[in-house]
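Both complexes below contain chain A, partnered by chain B and then by chain C.
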Partner chain A sequence: MYKAVVIGGSAGSFQVITKILSSLPKDFPLPVLLSLHRLKHVRSGFVEALSIKSKIPIVEPYDKETIKPGRGYLAPSNYHMYVELNKRIALSTEEPVNHSRPSIDLTFETAAQAYRDKIIGIILSGANRDGAHGLKKLKQLGGTAIVQDPNECQVRTMTEASLKLTSVDHIFTTQQIINFLLKLK
Partner chain B sequence: MNKYELGIVDTRNIIKTLQDVYNYDFKNYALTFFKRRVEKVIQKYALKDADGFIKKIELEKEFFELFLKEICVDTTEMFRDPALWRILNDDMLTKLVNSTSNFKIWFPEVSTGEELFSISIILRKLNLLDKVSFIVSSVSEINLENIKNGYFDPKKIETNDVNFKRIYSESNLSDFYSFDGEKAQWDTSLIKNTKFIKQNIIFDDYPKGVRLILFRNHMIYYNQILQERFIKILYNCLIPAGHLIIGNNEKIEYWNSDKDYTLVNKSESIYKKKLS
Partner chain C sequence: MVLTDQEVNYFINTIRNTSSYDFSEYSEKSLKRRLQKILIDNNMDLVALINKLKTNKDFLEKIVKDITVNTTELFRDPQIWQTLRYRILPKFSGNRNINIWHAGCSTGQEVYSMMILLNEMGMLDKAKIFASDLNTDALEAAKKGIYKYRFNIGYLDNFDKVIKENPYNYDEYNDVSYDKYFKIDKVTDTIAINDFLKKKPIFRQHDLVQGGNLYFAKFDLILCRNVIIYFKYSLQNKVFKLFHDHLYTNGYLVLGMHETMLGEITSRFEKKGQAYRKK
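Moving on, here comes the complex of A and B:
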């Protein structure tokens, strides 16, 4: 059975994330790791905005916080968010990757190493190529790779970059992503 | 992009080599972090694999020093998190520094020194710099040398200038550094009251009577064992009612820690040592 979901998104992904979070039940059985590009000087507001419609609690985790099911973990602004092998969050101010901190690639890679074949990785709308390598790694380690249908994306660069590198398990619309996650219950 | 990937066994062997040859104990660094840093060094110096790394580091002391520099994560930028520096400027420093004749500020682990220069600039603008002494420690001799000389990466100038304007809209950061088109350098008179200490991972010797410690975003690279050990040492160095500032998403949390520290500002992670 799956143990975690990791989602990466950038430009055009906010509404998709909000829709997914608002559809998940309060007792959703997995943790949801969110690595989303955001303004580095705006520290507050984002987690609150995501929380408005979400039934699961969304937090910007503290360093070394234990990952628990039924919670959303949003990478804090200006930090990378990693998963340690003991399933704790680790934060980092190491150099940006592809101009991004948080880097979706790094969250996906380390989450994949921690959860191996027990993880679902989802890449959403975005205007750069971040996430493509991370999703590839996740798939190589046995995880399930999902990409939002580029035709539905506000900006399709990120999903197309992922599809180019990885033969994914599913190309889904937002509604199909939601249906897939709800079946995990 | 084929990244070299270090296995867990190789990582452990490297940790053992560093311990055996140089007596530096990295086993309580966060494992994924340590592994990633070594991978980066292996790639940067074209060492092929863990064995290549081990051979080189066993033979070359200079390479070990370079490695110590690489293990330290760049502080990223001046005035990272403007809200904190505004609190220091507006509320904390004037009151605290004026309460004593010798206000000691300690930076237990510096990499590129941005926090040291940020606070020294604030203190100069408040006309308090002469009343303060700094203690700066680092595992990396190379980093300490760069800080002493005030060198910093010119690529950071733009971000630094923008951050500075968020706090001091009426003045320019360029009053405090020089840039000749190649080399960027802080005005080193900002840090003339500074003692530099090269240290091992855990200090051999640490300062006493410290009134303020800035230790932001360093413990994130340690595991919980090393985090707790650090926090306890810092506690012993602070005077009662001294302050400790850690990173926004770091927390002091060990058994009975609320007997030692009061959290005085949650969003900026400012703690105060309790009067015992």
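Moving on, here comes the complex of A and C:
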């Protein structure tokens, strides 16, 4: 029944993301939208680093690219990544939101509007509050909201901000997130 | 404040009926976001905004400027500049003239980056530089050529990668001083472009939606980077057609790092990375 997964992460999320991506099978039935903050000076090489362990292909999409199942779409460095209602990627260089570009909030909010109750949103470790509003919108529109267990996070600020704003469906460890995703058909 | 699609359409129609601007083929998500931001910044609701747009021309012009996005940097995406330096511009080095159009030049950083590169390649004198944008405030800033230095952004790293280093030959290093092209003032946090560069470009207001060729010229190279991401597919294709019409055969169109050409128009270009050569 689900049509997409959207994941937001910041400081301390890289290993978690890598672990999740390495656990998904090649024929994973959904697209995985990734809105991840990166350090200012590390602008390239990120997609390659994620691709090493991932069995699904990871791309930094082009603007207007059609979203397909079984692929990972990483918000390109220095762009916001939106989902249009026709399930295409839209990129933007508008000013950073809460000092972030990509903004996790914007990816979550637009993905939620496109996929309504057919999306799973996952917020991971991070040192800021980005993603909290986006996850709230996603939950309001009927999506399934998951937050990484703050006790497991390297930096718990982002997950706690999300939990404060939204009553989520699940608080999961990395392994539980993986188990949940593997059960999807 | 969350706007419905109908409300956004109401705004689009008002602009279209009271001015020459037309946002109906702009990307929905970013247009909606810009409009929401405008309402918050002006502390207005949509009805009040629309009423003021209908009666106040200056206000309308200001709102049109606020809709446009003006992100740009010196030597943004060094890979593209390296491609220009070592793969594209050398093809024109034997020409008597080279015409370059920066379509959607914003505040001009890309224009000056190009001229710095051309000067290092000994091609600046034969170049004609045309630069256009919808936003006249951005054009005025482009003419002034004074930018926030913001040392943490990495402009100088990009300058070094494009101007000093050669990715195809690691032994090569050109020790070009920044002073040759701009003055950095850390107290006022500014980079000021040197006068000899500022004199050269022909800056003009131009709306890609309306099309037309404001320079009555053909071009060897058109740069249009991170502009068409704000357009719907239908408008993108019109703009590509416009560029095709105004390029010389074997001229190049260069897009942003994450922009691409789709559909039938692609058959009229040969794609090489972010550069499209007109067949």
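Here is the rule we use: the second predicted complex is superposed on the first by the 180 of 185 C-alpha atoms of A that agree within 3 Å, B and C clash if a C-alpha of one lies under 4 Å from a C-alpha of the other, contacts with A are read in each partner's own complex, and residues count from 1 in each chain.
Please note the rule applied: contacts are C-beta pairs under 8 Å (C-beta built on N, C-alpha and C of every residue); 3 or more make two chains touch, one makes a residue touch a chain.
Just so we're clear, the structure is a prediction, and the values are computed from it rather than from any experiment.
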item: Overlay on chain A: chain C relative to chain B, clash or fit; value: clash
item: Touching partner for A:37 - first (chain B), second (chain C), both, neither; value: neither
item: First (chain B), second (chain C), both or neither touched by A:133; value: first
item: First (chain B), second (chain C), both or neither touched by A:82; value: both
item: Partner chain in contact with A:156 - chain B first, chain C second, else both or neither; value: neither
item: Partner chain in contact with A:63 - chain B first, chain C second, else both or neither; value: both
item: Common interface residues of chain A - those touching chain B in one complex and chain C in the other; value: 41, 60-64, 76, 79, 82-85, 90-95, 110
item: Chain A-touching residues of chain C, taken from the complex the two chains share; value: 27-30, 33-34, 69, 71, 152-154, 226, 228-230, 233, 236, 257-260, 262
item: Contacting residues of chain A [partner chain C, same complex]; value: 40-41, 60-65, 76, 79, 82-85, 90-95, 106, 110
item: Sites on chain B touched by chain A in the complex; value: 1, 30-33, 36, 73-76, 80-83, 166, 217, 219-221, 223-224, 227, 247-251, 267
item: For the chain A and chain B complex, residues of the former touching the latter; value: 41, 43-44, 60-64, 76, 78-79, 82-85, 90-95, 110, 113, 133
